[in-house]
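Shared chain: chain A. Partners: chain B in the first complex, chain C in the second.
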Partner chain A sequence: MTTSNETLNKENLAVLKTARLSLFGFFLSVPPVLIILLFIGLPIVLAFIFSLGFTSGPNRIIALLGQEIYTKDNWWGTFDAYKSVFNDSRFFGNLRTTLLVSFVTTVVVLTMSLGLAIYQRIRGGRVAAVLIALTLVPLFVPVVIAAFAIRSFYDGTGFFKSLFEIFGMNFPTLTMTTYAVAIGTIWTSLPFSILMISSGMQSIPDALIETAQDAGAGFLRIVRTIMIPLAFVPIVIAATFTAIGVMGSFTIPYFLGANQPTMLGVEIVNFFGPYNRPQQSVVMAFIIFAAASVIGFFYVWANVRSAKLSGKI
Partner chain B sequence: MAREKTTLNLTSGSWITRVFVGAFIVFMAIFILGPLFWLAARAFATSWTFPNLLPDGVTFKWWGTIVGDKSLLDAIRNSLIISPIVVLVSAFFCIPAAYAFSRYNFFGRKTFLIGIFAANAFPTIGLYAAIATLYYTLNLMGTVLGIIIIQLLGTIIFMTWIPAAAFSSVPRNLEDAARDAGASKLRVFRDITLRLAMPGILVAFVMSFLASFDEATGTYLVGAPEIYTMPTKMYALVLNYPVQIAAVFSILLAIPSVILITVARKHIIGGHLAEGFQIK
Partner chain C sequence: MTNYDQVRRFRTYLIGEKVMKFKVSKVAAILATAGLVLGGSVPPAVASKAIRFHLSGDVNVKDLWEKSLIPEFNKLYPEYPVVLVFDRNGANDAQTLAKIIGAKLTKRDPGIDLIDGPVTQLGAAGMLYRANPGLLPNIANVPRVLIKNGRGGIPYRASTVLLAYNSKNVKSPPRDLKSLLVWIKANPGKFTYNAPAGGGSGRAFVQTVLDSNLSPGEIKSLVERADKNVQVKWAKGFEILRDLNKFTYGQNGTYPTNNQATLDLLSKGLVDVAPVWSDMIASALKAGTMPKDVKVIAITGPSFTGGPAFLGIPSMSTNRDGARLLMNWLLSPAAQNLIVAGSMNGLPVIPVSMLDPVASANISDIDIRTLRPPYLSANHSDMNAAWAAAVPGK
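Let's look at the complex of A and B:
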């Protein structure tokens, strides 16, 4: 996938990498990194030690305001806050729901994006264009509205419920079930994945596909040995971004899910706000971080790889 | 350079394939568009009797209700004040950095870039809980500054990555030629580099504005109940107001997204978006 732009980027980058180190460049680039360190890095470190029972220093105020705070009894802290979360019978149901919804959403979204992108790349034409345009619509819709719209579409007086009722049949009420949550996360995750994977597929040179075809390779073989390997990095970005996005979602499960079991995103907000158990809230946040860490690693890897391929790093 | 894409000759002419493709399009249309139309219709409905597929009557009275509700107007005002500030602050900090990433070699360059991606690799809700914990200490809970910072975090990847790509695509020989012709460094930057990179920078502005304007979770966690923006007001609207008012408010909230993404669509779908993306 070499466009003139990328060749230019790569040439410039080669020049850039041999250039002498610039102090000016360093200072220009520091502010956003500093913001990230201060408001993402620092809070994560402080919240982590808070979850281990370090309740003094910068964590003093939150420890004063919150209820059921566990303070460390060893030099390294305590697992009491973790224990109290694990002892809550609802927790594992919520964790299971979170992981299940993330997994199902990622699989469905990836299957649909791959199918559409391959169809668009190989067949092209109006049908593909219409389908791609349709799946990009959620990009225009703020997630709060999406959640609300899906909520009323599948609720007790929703579209399918009404339609089936007219014909004297019954359609299940999906709103306030985990099915509705999955519908919502799939709906909101589609555009990014489709954009990523279809642009990856579009940049595969015609010559490669034609040659394979002339050599007698069938459709599935072309997909398996040429298209998927060549679009691998965008596929990894789409998959990891979708999984991380769903694991960290709040609005969709809040509007669409059952009260119990729900996704951990909702519980984190509940414990932080209404229940006033900030330490447990932070503990759950770190459990989600742990679950997402491997996915996050691949997300960063794929993005850096993609930046390298296009000559930006 | 519109080049023809190869079309493989699949056995797709058969009517079975056609029926299947047709059914899939109908399914996708209902799946994607159905909820939006179902909701939008409610903004103009007097009432709606189950199981009718159309409302009982058409009215505009719900639109008037919005104007009469101070808390809703406050939310609109807050959104319209906070989001532009977030975009400007983000541009102020990030665009010089984008230029540096594109033009200078410096100590930590690669680490910084990885760090910017890594900031994006956390499930957001966990991150917001951690940030809110620190906010109590910094006295930022329920403050406009607190909301600005939390929304700023979601714009950094757009404001560095997209303009960096735009700066990189400005031909160096144009800049060199202008320098040879006697233009000052500043003048070259202003009249050539910045001007040619402008489309990319504008896309970054659009994406950052929307990221800020539509951000709900973090804003809710640190802003409510003192300060509501349009998206966080939706939480209360959905649960406590007539569905028609929430529908009207939804349409109002969607207007900026629809307008801005339509305007920038060509650039977004053409590839700038793939260069840095974070929405939820």
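Let's look at the complex of A and C:
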């Protein structure tokens, strides 16, 4: 009797110990989750119902102050605010500019990062190390300073313009155009992408590359079939973070871009402040959110696929 | 093993052995001591006489307050320290208004005792504490019409938008709006104004062009209330502005984003003529960031807008006495001299004859009672949005 009791007790206590640890872990994770729910989740929900026309409760004062507020006429709200944004003559131009700049920036940044990372992986050496160190410089420059510097560099009295003047040629003034915005976003997005992709490339074992070379594979074949697939997750991370970051950017388009069309980040600030139309600015924010979710879905798919291939799930 | 033993071991596993060994009395003693220590270290509530001042404007006003007004005031009244909160160009005006309105609705302290910013909006909504004029003796020197326009706010400084021109390249500047528009088309790429959403100088230019196609009654109604019917008449003015796209700086329908960007273009010589705030150009000339060739002139028919900046005391403020004291001091000749001289170069709200003659030598010809007032802020918001849809990039 005593023996089986003791055995039973030992098993029970082992179960209790596991239960105790997982209970402890649960309570440790509650504060950060609560903070995220309260300070990020709740405002998002409030903003979403504000865009649908729920103007009572916490949204009462912003509805009092704003102009062109559409209040709900059904139990589920109203789409009038969304309609007014879609009917705005500037909106689709701004949306197209935003998506275009994000796409171009991501493609250029990925190309440059892949090129530099592959060069460093295959060739190595001093030149590659110096180049990578140089590309990390934008990481240490605050974005406002960078935007101001790029503006001074490309404006009517800037470096290229002055240089070409000496030879009697005309270099276009790039500030207040979408080209300057693209230059700015590429400049600021490069460091993160290079860090991710070069670290992904460095983790590819030498043996695989050398075996492929011994088997007679050409350089492009090695890159296409070995290096890129093995560094797939870091490449996807770099691509999605660059695209989502550029989509919501404000400082670079504000300093360097045209008044219209501009990127949606600047438009949201304009609608919230000087135009005093907060509901429309919230609508635009959710449209960017929807676009970013598409990219986020791609990111999740890539990670799940990679986990499945490596047998983690 | 008894049931009680099992329960004890379960409890031990849940909360750890060391804690179990602590006797309840020890725990109670520790908690009590902690309570006393924490309770004792909370400082007694001090009747704070600090004046919390919220400033929504451009950086030159911030410099005026930080470098001249606050130090002088605190020399005279050291028991009322002034705490400055700065919001550049009113970027967060919506939140500030929400804070003050919310405080009034929930009967709480708004965190602001005195505000220089969207005061007429607050006054129109009944959110301001209106001091009895008997409590503000210096207000007797301020013109009545300015006080009426304040809707409960008290004016303390003024500025107006003027036309700045590079006298080296522009020998005879245009003196009225019509000849300005002719000059712009005759000299492509040499004029610009900032987007109205970004700064008051461009906003004044846009409003003036729109007003040139409105009757005086229509202009008055836009100044006094939100009027969508009159806004329809802006179409002609926007058409004129759209036609200017090919002739302004860049000649591609792009405009600088704020007041300072326009001043930068002017100082680099990229444009020859631009609308600027009187105080900003005077400060830039004095500081040497603007070439000495740049001069200013006030155009007519209609003139650019201008007017006073207003101070308001939110009705739930906890330090109304201090705020009133500061307000009264700002209307005194000593404070008005600081506003006129020094780095700000603003316009005073009391008669020039009461000021220091040396400091006020340059401003004696501007009568602030005749400055054209800007629209009500709701109409300005609509104007900003309508301009952005009608003009740039077209």
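Just so it is clear, the second predicted complex is superposed on the first by the 276 of 313 C-alpha atoms of A that agree within 3 Å, B and C clash if a C-alpha of one lies under 4 Å from a C-alpha of the other, contacts with A are read in each partner's own complex, and residues count from 1 in each chain.
Definition applied: a residue touches a chain if its C-beta (ideal position, glycine included) is under 8 Å from a C-beta of that chain, and two chains touch if they have at least 3 such contacts.
This is a predicted model, so every value here is computed, not measured.
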| item | value |
| --- | --- |
| First, second, both or neither for A:226, with chain B first and chain C second | neither |
| Touch count on chain A, higher of chain B and chain C | B |
| Touching partner for A:239 - first (chain B), second (chain C), both, neither | neither |
| First (chain B), second (chain C), both or neither touched by A:85 | neither |
| First, second, both or neither for A:121, with chain B first and chain C second | first |
| Partner chain in contact with A:182 - chain B first, chain C second, else both or neither | neither |
| Partner chain in contact with A:17 - chain B first, chain C second, else both or neither | both |
| Which superposed partner A:174 touches (first chain B, second chain C, both, neither) | neither |
| Touching partner for A:161 - first (chain B), second (chain C), both, neither | first |
| Contacts of A:275 with chain B and chain C, given as first, second, both or neither | second |
| Footprint overlap on chain A, comparing chain B with chain C | 5, 9, 16-17, 20, 23, 61-62, 65, 156-157, 254-255, 269, 272-273, 278 |
| Partner chain C, residues of chain A touching it in the complex | 5-6, 9, 13, 16-17, 20, 23, 61-62, 64-67, 88-90, 156-157, 173, 176-177, 254-255, 258-261, 269-278 |
| Chain A residues touching chain B - in the complex, by the definition given at the top | 5, 8-9, 12, 16-26, 28-33, 35-37, 39-40, 42-44, 46-47, 50, 58-62, 65, 121-125, 127, 130-131, 134-146, 148-154, 156-159, 161-163, 165-166, 187-188, 190, 192, 195-196, 199, 202, 206, 209-210, 213, 219, 222, 234, 240-241, 244-245, 247-251, 254-255, 264-265, 268-269, 272-273, 278, 281-282, 284-286, 288-289, 292, 295-297, 299-300, 303-304, 307, 311-313 |
| Interfacial residue positions of chain B with respect to chain A in the complex | 3, 5-8, 10, 12, 21, 24-25, 28-29, 31-36, 38-39, 42, 48, 50-53, 93-94, 96-97, 99-101, 103-110, 112-127, 129-134, 136-137, 149-150, 152-153, 156, 159-160, 164-165, 168-169, 171-172, 213-214, 216-217, 220-221, 224, 231, 234-235, 238, 243, 246, 250, 253-254, 257-258, 261-262, 268-269, 271, 273-274, 277, 279-280 |
| Touching residues on chain C, where the partner in the complex is chain A | 1, 6, 9-10, 13-14, 90-91, 93-94, 97-98, 101-102, 105, 195-198, 226, 250, 252-255, 257, 265, 268, 270, 377-378, 381-382, 384-385, 388-389, 392-393 |
